[in-house]
């Protein structure tokens, strides 16, 4: 489903964030992307979303070379991916309900579908009674859960989560992980960036470890592996 | 040093974020504040900083009743506290260096002190080579470390950290924890909100657990205690 | 089709919600549109009134044609018909020798004794007073008349007319020119404000983009917002202009001036559509350009 | 004291850094200041020129005083001295009977034969032509003259003078009034823009507050920024006004008008300080108010 071919990303003149990445993620896989702060994990995700362009190399998603994707087609491509951003990226002038509904509007969902699905999603992440609040009225963990709900809204075939449990307590984190596992079982590909050692170690999924922009480890049923 | 007397905070008309909190934190203590998402931890911190006012009760810090603090004195009060905010709150139009220097400028530090101390702080959090970058050019963990460096800048007598390791890998997290421990040993009071079970469990410090706005546990040398 | 209507409804709802939630922006934008158009309106009122004055002065101008003594009644009627047929002539008034004497006496007033000797053998010629559509016609008409038989002399106050026409033209060109400049500046100020308003929402715009919204999906609510803000601002400016001008014309007596104010009603009908259109266009287009900018980034 | 200077330096550095980093805001603010003051300037140019024209027309007005036939040379000199002593009189020109005849002949031109009979027994009276400082003085001066001995008749073109004075006053009051309105609108537009610019940085402002910055520590750089933006904008508007007006006065010949343009230099000296001051004040004060608002929150 996702293929990186000799992908590099250099910021500014000389900061190499990713260096010659080759990678293959198959449809239906659940992949943890781990690595120390500044290793290039978010950069990897930004490349996948075409938020930034690679300095070198090609990225192929679902058979399409997205580095050559026409500007007009980018929105449709992005809709096929559900993303939990590290900085949440909630729309500050929309309520919780509207934030999720908006993602569905974008994808041309009917009003009926929206009215049915948004409450379901809010229930899944435990925010039923917060639907009328604005992001700045939510706790950190609540904002993160809205971001997760939004990523699931359009039943995407690929879900990318950048540190989706960084602001969540262990209970909530595990609830989210079980949810993602459930969704993965129904065939959705999941790429998740995380620093949560215990989660990675217990899930026993494929682990790709980055360090200074280089893949230093890629194991099926791997562990977090950074001993402290 | 910190005393909460019957403090309650109600958002809007009826959302009780904190309910009748009574609490005493002594000078030089290291306190973990834990609890599930939405328990009221950030609200607790916002009250301490006078970012919001309590609906009921009194908060006394260093002998001053801050609920009755005059508007003019608030800035000086705030300077005596170093805070790592959950959402970082870096100034987006200032570089890493300037963000930290700014916090020192505010506190009337001399240019000489600023020039000397900022690089030291950046070294402490491992960001020496990022000083000229703007926050949006940093990774999540790097932003968090800038926020930590800024909180330490003025050698405050009280440091408050809201989830300071949420975006950090275990290695970096432990480095930060050791740093805080060091600072604590020199007499600085530290209040830290966290979801990192392993950190709380290994540090063996006082743990205050909140749930739905109520203190459900307050133990010296406690553990995280939320089993999953 | 159904989809289209749903979309349009959605865009309108979105833009209205956004307006409700960005009050600083709304107040600033409407204020700017209204203030800019208000200045344009003040200038327009000045220009309209100057033009009006020039025209009404122009209308009082007339050509005076003195006939030769030998012209008979029949001949005189023929001349009158010929003059009436000249293009641009609106009225021809015949003044007989007797009428001319009467007029002279009236003018002399107390000193009318001077003219008494004239009653025996009236030396005053018969004449025509000719009015024309526009001052511009005067010289052409008087040239045509000069070609007729039986004309003794033509007074068309040529010097004054020409000066007046030149002056009116200068005023007209200058006021069009200045109004053009003011319109451009208004457009600049308004789009400037809208640009800043959109700028303060650049984060939101980029998030929408990363969620997979098409450019137009993002742009439409902004464009509609711009149009609504422009319309509201222009309505405000029209109202302020209309009522303050009405108050002015009703309460300030300019009896010494040679002309009347243009009426508030005719001002209203002159600016109504133009201002609404201008407000809506600049607002919509300003938003469009501003959003576009943050979409490329 | 040392601390104070360090602080001031810091505030200036901060504001300049902020300007360099918020280009959208800078362009929008300077543009708005410049455009608003430009419109004000256009209007000022119009008002200055109308006033100037009215004054120069006023200056051509004069009083004509005809003396009685019996006035001797000695008496005439006494009258001349008396007139010269009246306040407001700038010039008294004596026209003898012979001079008057000469003038009449010149006026008659080809028909000067008519006046030939006069040479034997000149019926024309001796007279004075009197110039006054300002048209406003004419009626008072002519009243004073009328009290003198030996005066046959005074022509002061009273009707015209009064109309002119009234007209000039109306134009003057109206132009002050409109300029006041325009100045207020300019201030509104500029502070509007600055408000929006500050609004887009409200997050930064609140962060500074939570870090323990005093209100003035936050406000000063914004106020200085506002002053700088205001100054830059007003300099831009002054330059555009000056050069375009200079071009206009050099290239447009208004030979048919009764007056000359006010010179570009005197325009410059008239607006320079006023505009700089206005730009700086509005910019600084606008920023101050805008920041204050986000400090309370």
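The first chain written gets the first letter, and so on, giving A, B, C and D; residue counts start at 1 in each chain.
The rule is simple: a contact is a pair of C-beta atoms (placed from the backbone, for glycine too) under 8 Å apart; a residue touches a chain by one contact, two chains touch by 3 or more.
These numbers come from a predicted model, not from an experiment.
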item	value
Chain labels contacting chain C and also chain D	none
Inter-chain centre distance, chain B versus chain D - centres from mean C-alpha coordinates, in Å	62
Separation of mean Cα positions, chain C and chain A [Å, integer]	62
Inter-centroid spacing, chain D versus chain A (mean Cα positions, whole Å)	67
Sites on chain A at which at least two other chains make contact	none
In chain C, residues with contacts to at least two other chains	none
Overall pattern in which the protein chains touch one another (line/ring/star/complete/other)	ring
Interchain pairs in contact, sorted by label	A-B, A-C, B-D, C-D
Parts of chain B lying in touch with chain A, wherever the complex brings them together	11, 34-38, 41-42, 86-87, 137, 139-142, 144-145, 162-163, 166-174, 195, 197-198, 224, 226, 228
Sites on chain B touched by chain D in the complex	49, 51, 75-81, 83, 85, 89-93, 102-103, 105-108, 110-111, 150
In the complex with chain B, residue positions of chain D that touch it	3, 6, 10, 18, 21-22, 201, 203-204, 207-215, 217
Chain C to chain D touching residues, read off their complex	24-25, 28, 31-32, 35-36, 38-39, 42, 163, 166-167, 170, 178, 181-182, 185, 188-189, 192-193, 195-197, 199-200, 254, 256-257
